[in-house]
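Here chain A shows up in two complexes: once beside chain B, once beside chain C.
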Partner chain A sequence: MDETGRGGVIAIAAKRSSSAPGGLRQSARRSPNAQSGRRSANTMPKGLSSVVRVLPSDSSECHLGSFIDYTVNGLVVGNIYALLAVGLALIFGVANLINFAHGSVYTIGAYIGWACITCLHTPLPVTMLIVIAACGLVGVIIERVGLRPLQGSARIAPLLATIGISFVLDQLVQLVFSPDPRALPSELPNWQIAIGGGTIGALDILIAGIGLLSAAVLFAFLRFTKLGWAVRATAQDREAALQMGVDVNAVNSAVFAVASALGGLSGLLVGMYYNHIDPAMSFQATLKGVVAQVIGGVGNVPGAIAGSLVLGLIESYGIALLGTTYRNLFAFVLLIAILVWRPNGLFGGRAGTQAEPLTGTFIAPSRPLRVPRPALWMLVALAAALPLAIPSPYVLQTLTNAWLAAMLALSLTLMAGTAGQISLGHAALLSIGAYASALLALDLNVPTLLSVLAAGVVTGALGTLLIFPAFRLRGHYIAIATLAIGEIVGLVILNWESLTRGAIGVTGIPPLSVFGQDIYSAQAVYWLCLAVVIGLALLQMRLLGSHFGRTLRAIRDDDVAARCYGISLDRYKALAFAFGGFGAGISGAITAHLFSYLNYETFNSQVSLSALAIVILGGMGNVLGAIVGAVALVGLPEIFRVTTEYRVLIYGIALLLLIRFRPQGLLGTV
Partner chain B sequence: MKAPPSETATRDPLLRLAGINTFYGAVQVHFDVSIEIGAGRIVCLLGGNASGKSTAMKVILGLVRPRSGSIWFDGEPIHGVPTQEIIRRGIASVPEARRLFPAMTVRENLLMGAYARSDKRRVAEDQARVLDLFPRVGERLNQRAGTLSGGEQQMVAMARALMSRPRLICMDEPTMGLSPLFVDRVLDLISAINRQGTTVFMVEQNASLALQVAHHAYVLQTGRIVLEGPARALLHDARIREAYLGGEVAA
Partner chain C sequence: MSEREDSGLVRHLGKILAAAAAWAFLGAMVLPAAQAQTSGEPVLIGVSGPLTGQNAQYGAQWKKGFDLALEEVNGKGGIKGRPLQYVFEDSQADPRQSVAIAQKFVSDPKIVVEVGDFSSTASMAASPIYQRAGLVQFGFTNSHPNFTKGGDYMWSNSISQADETPRLAKYAADLGLKRLAVLYLNTDWGRTSDKIFIDSAKGFGADVVASEGYQPDEKDFRSTLVRVRDAKPDGIVLISYYADGALIARQVRSVGLTQPIVAIGSVYSPKFIELGGEAAAGVYTESNFFPSDPRPEVQSFVTKFRARYNEEPDDFNAVAYDTIILLAAVMNQYGTDRKAIHDGLGLIKDVPSVIYGKATFNPETRRVAGAGAVYLVVKNGQFELWDGKKPGS
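This part shows the complex of A and B:
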């Protein structure tokens, strides 16, 4: 992904800027020496995530004034999260769905606002109305195109569809507005009120006002209007609402419109607050909304608002104590802690509000395609002989990438497909493996072949240990938890500078070598990767045919029944994750040695999601399918020389079409 | 579409299912099921587990689409009509296991029953009328529905159905899971509702209870109507026992 290279450079630049003498204090818009009162866009790192970059303030600044500043900042950011989280909660209520496309709507809102303000020069109220209307419409389209056709299909299908939609929308924004960040001027008078040494500006008040107003309007809507009643009734019992004469589809549509309008507004306000927008802000926004929602209790609207404010404050105080690169770490560690200890959220304790939102299998029932054994060996022979027939290094490198992706897909198809533990943070395993092998080779001079193997073991162990707290979760919650754990791994790598070299990344990783012989040629690398893929695939097939594979499928299909037969869920899930982690770790390790450069974003969330697309394309749980899917989604676009932006667009559309028309994938689920 | 079996009904029934064949995926649930519900009567559909009786109610409400067959309400076809429109035309439902909106108050639940109506004043009148019938519900108006006992919830569910001023109420196992005391109360109330002019179609597993209040009954066995007749006659029919025990029935 070219994303990674660019991301790395930006991260380094950001690092430098913030470590410059007299580095910017908390969102520099509060810093007295910033002319415009807001920070300029060129020092802006990407995403909502890291937009506020701070150094731990020196002691002289740790007085009441900065405390108030941090509190105001936390509340304002909390308000922005609330606009997002409320929408997610509403959608979760009526559609029983975590809408992963929500951040995309937020980004669209920000860009529409930017277009209005800088091109059409509309006044702020008009801009807001346009953003609300346009994003509401986008919401209706998302519901109509992506979700309504999926009624009655596997319950995870709409969640995957929203991931696909977010791919598509994000890429469309990039194609229309270019991936470059933009400045979004706020047009507000630049006055500030000083309170006890801290300051509150016009924009702070505007954002707080919009947050309060939205909450009040939403409350009135839900409590006093007929449609609002229908929304609540649908959220509590969809089928009963239907039997009262509620047009549930219209309710869904309305909820998506309201949620998306609020999400878009949030994007606009964020853009104004930081004077910065870029297409990469979408994913982080979704995550923050989800975190805020989980804190408040999934699907709970007042809880979402409270959770958002809590999240905003905790992040802001956390930044004050440790610095901005820790912001997301706070958010995600908090998320995991809440999922583990209070899965109903801090404010969702009351009985009757929480049912298990998603249980059982998300596997589309199908009969897997049987490929005769001789045909399989023929394919293997063909793949092995390919470098002799087509010595083009370009083709071989492309296929090598496909084999590396296949290793990851094998691991994911085991966990998500066979064991039913959907993982949205799988790229973290690649990161762990890559860092383990690179650091072993660089710092301890371990021969690379050994270091790759060790990386596999380390990844298996560490991955299992990290996911262990999430073993008791199911359905949507495990998807959220794996996503968060994936982010946490990246953030720990970013912040643990003494071990990982932080944002700068690891350079000069030695190439692969076998018994002292460096492997440079494309052919040799190709053969090595092919051999590893075949080895892992054979091992996995063997496992699936054994007692172990049967047990995993039993857990996937009905974990309660499995437990009743004396199966220890934790042990089998741990074994699955250990084995899966081993394969993914080896893939990451080999990649590190091939790239020779590595940073915390080399394997980002996009890698996780494309792995998911590969696995669904091949057929969940299907070993051969994972390999075929990897070749199809990684190899083919490369061979046809599709540029990266369009490639992600293709992933998104492929995911959507698959979920809609062939949820069992090409080769069928196992 | 097959013609309905000619019945010796004196007038057109309020609801008629004719030649219904329903499938869940590849599994056939109903085989040529035909049911007639005369206006002003209590008709019950009896059957054991997995006989397809709850699905019959879902077919009427438009929640499940039959593959073939037709459904007529008051002389108009309602197969293929969306559920909300069917409700609007005058059919109300008391779903299986009551299915109240647990986080809403009893009052809000009642008003949800009148969701399909827009005449606010008449809704208020009907609420008073319904509360006369269910005084117990009136005492609980501001309580969250999820906090009521099973029997009270059943009352609220029936009251909620009446709020739409329906001509036909469909009830799915109204006595399920209730204490014997409440079972009698619920049966009395079903008769009372019917006496006020509302036609009742109830799906029941407990044949002897249902036949006490019903006028007419059908017996469904693995998707086929195997027996029908006046409730009084069926109450003493040995074949009822056979049908429930799964014995051979020469219908």
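This part shows the complex of A and C:
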């Protein structure tokens, strides 16, 4: 994996001259005897990162000094995560919802702050108040317009709505302020305190203060005030709270206002901290906030702060051990470990009961649209004849993309819809399949047809193995776990350079070929992908009609009852994932051969999210729905292409309207 | 259409009115003037690049360079009297979209050459389509060493890492630095540069004592910098873009490191100084493009850019501008047939270029060699030519 141990170890015999805290600026000044450091390696190793590890051989003081610095740095960044995690925890605690729009509000806060400081020249306290008020208002609007109408619909609907809202908000910010990063200068005095070899500044302390203060205020509010009790009552049982005369809507509105105000404020502070804001900063913010609050215990406000600090520390120590590119790997492995061993979080304790549904309320129950068999065959015939009628390679390529997305959606609709295991990291399966097939074809000269099939098998096996630890989780937790597993796969691909070629990516992947005949033309590729989709769809329909499909639906609808009937949950989930992994792996493999180039970002988390959107659009568990959804969601952005800049905005709004008015999807859930 | 698109965008909240008015005025001035001299069916360049998504700012930078170049080309009679225009398709630098765009372009006979995409992921996924269709894919930001190996229709005038990185190593050596710590953007570009840098630094008698890759979305570098510190370097080398380079420069100072910073030319942007604040002061960098460069190509570009956009041009603006000027020269000299453009790129000599002075392709590698460069240092809130003073002296 990484060759740190072999080549690049440098033993520095020199004593660290000064790591005393007194030397604020000078402390890390290079020591004059540093040159006596002896290089034991004559060449630099090929390992990706951590090319050099420093072994301070005779100086334990140096060890300790660095350790203190790593700790301080971990706490500094954890401090930043805490501001985000508190808001997320609050919303999860009450609305039982991972708010994917939280990062967008954070971005909005940063930009409002920027506008105040650079245009209105407001002093910092005023800026903070404006940001708090404006973002609180944004929160109220999100709740009122985006989420309240979804009450009573399936639990997945608000989750998706927040994703749609985040698309819309990010895009609006980008349209108004341009995508260029901007400087957000801090107005705080520029004094620094030396700790260890580094320093912390006024802003660090302000961020910590606001994080702790807001957690304390929230804690007191929830515990000691009447409205706080109402909030907690709503969190525990919405209907019961309603019957006891709690104005549930007002409570939700208040919670979103508070959480969003905090989110916006953190955007402002973090923007000032880095002197850098850009419209793309929201996704990472949401991701880290979610990880931090899961570590601390989902919905647990004080836990969110502690979890953030733990996350910051683990990341920092991870960098110390292996290098910068391993930071997120440590973060997500920690997340998985917490989910598996302590799903209530490190600080959840006994009180954190799982409010996850026992029965299938995660999926909107509905009667699926019955499509008569002759009509289905007509559709297939139409699709097959299309290249003859419309020879435009652009249309065919777009539809080929749709078929490839449909393969992924079939796999996801089986896992999420039929088996009830929502996956937010499905793109990882594409990556595994793509790399498997590309490397088999390139390194072992396996014929592409064979390598694609082998990639399907490898993906099925590896995917099931990776998800296996998460089988005991339910609902939101499995969504978070799969999100993390997806990120882990990407990071392993990036760091395992000897196998995957790391950041350089795999180039020169041979095109698909059947019996020595290369498949190049848009028509041929179209037919091939269509055939694979139809084959997989038929197989999946057959499976769903069998006892296997019934068993999966039983697990989805009531896993306790299913277990009482003697169903081995793990075995059936594993079978579903193996079959789903096979289809997704094939899709990834074909994509790799079409693109001829592949790197760890080819299938990123956006792909996972759009796969989920396809499945929802078509109707969870609905085979035909997955295909129709893929054609719609791949086709729509192409149709909106004329409107370039506004395209993602329109896409987001369309998604929101769909979730609002047809949560069971176009063709209904099965 | 492309000429005017930007005019509606609000750039700075405080300058809405002034900016909008100025832009509308310019747009109104420019278009009739351009059309007065050109007529007939426009010659179309297909651009595939990010206008939305994570890399949207680069697409916006491109447009400014393109529009300026088009204004100039069409002002001088376009392509043999026909107006030159581009069609910008938003790919979000996503390979799934860039392949669809590729199919769209190759099947549209009006598109005579393609420019882009931004990332190598997106460009190289589309390469097989362009290669088979015989449409030149001009990846002007694609420095991936394998990009032009995708086929003889893949061309690039992006500055080759084999050119630029040894120069950075030499600059570090000229500054008297012997023990270097490298922080590089962990992409194909950064990774390639890092490898070349380590080798060439050795040639100049400097050792690379630490080499740390980081992810493009990384914001916090404090812990990374502790690793750097513990390697006891006497200089820190950044292989970064301006946004992440500025973030690192700030944090280098706040963790108490005082070593001089030498950064690769990609940080050369007014944004680097804006984002880096005080920490940008004293950062050494080199650039293929420097507005105070007395060369006439540079001066004419900078003057026009400032007049039109009221801001300082950066590297991306310059290379986008260069690309259009180059393609226009090829078309004027060798014709607007797809094949003619392909052949012309290999034949054309000494096209005036902001980056290269005079650009000529090596027909084997399909790249341009020999970009000139200047040594720069950040001083008084701007980039200035290096005065030859070594740090600490």
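By definition in this document, the second predicted complex is superposed on the first by the 534 of 670 C-alpha atoms of A that agree within 3 Å, B and C clash if a C-alpha of one lies under 4 Å from a C-alpha of the other, contacts with A are read in each partner's own complex, and residues count from 1 in each chain.
FYI, a residue touches a chain if its C-beta (ideal position, glycine included) is under 8 Å from a C-beta of that chain, and two chains touch if they have at least 3 such contacts.
The model shown is predicted, which means the values in this text are computed figures rather than measured ones.
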*Which of the two partners, first being chain B and second being chain C, lies in contact with A:W229: first, second, both, or neither?*
first
*Identify the partner contact of A:G502: answer first if only chain B is touched, second if only chain C is, both if each is, neither if none is.*
second
*asked:* A:I314 in the overlay: touching chain B, chain C, both, or neither? Say first, second, both or neither.
replied: neither
*Tell me which partner A:V176 touches in the superposition: chain B (first), chain C (second), both or neither.*
second
*Identify which of chain B and chain C touches the larger number of residues of chain A.*
C
*Determine, under the contact definition given at the top, whether A:N401 touches first (chain B), second (chain C), both, or neither.*
second
*Given the touch rule stated above, what does A:A461 touch, chain B (first), chain C (second), both, or neither?*
neither
*Which of chain B and chain C A:D237 touches, first, second, both or neither*: first
_Help me check something: in the complex, which residues belonging to chain B touch chain A?_
61, 63, 82-84, 87-88, 93, 95, 99-104, 108, 111-113, 115-116, 144, 146, 160, 164
*Show which residues of chain C lie in contact with chain A when the two form their complex.*
9-11, 13-14, 51-57, 59-60, 88-90, 92, 94-97, 99-100, 102-104, 106-107, 119-121, 124-125, 127-129, 132, 144, 146, 149-150, 178-179, 186-188, 190-192, 198, 207-215, 217-224, 226-227, 229-234, 243, 246-247, 250, 254-259, 271, 274-277
*Which of the residues in chain A end up touching chain B in this complex?*
226, 229-230, 232-233, 236-237, 239-247, 351-353
*What residues on chain A touch chain C, complex-wise?*
10, 12, 14, 23-31, 34-35, 37, 39, 44, 48-52, 54, 56, 62, 66, 69-70, 73-74, 76-77, 80, 115, 118-119, 171, 174-183, 185, 192, 194, 197-199, 201, 274-276, 278-281, 284, 315-316, 319-320, 323-325, 327-328, 392-394, 396-398, 401, 494, 502-505, 507-508, 511, 520, 522, 591, 594-597, 599, 601-602, 606-607, 637-638, 641, 644-645, 647-648
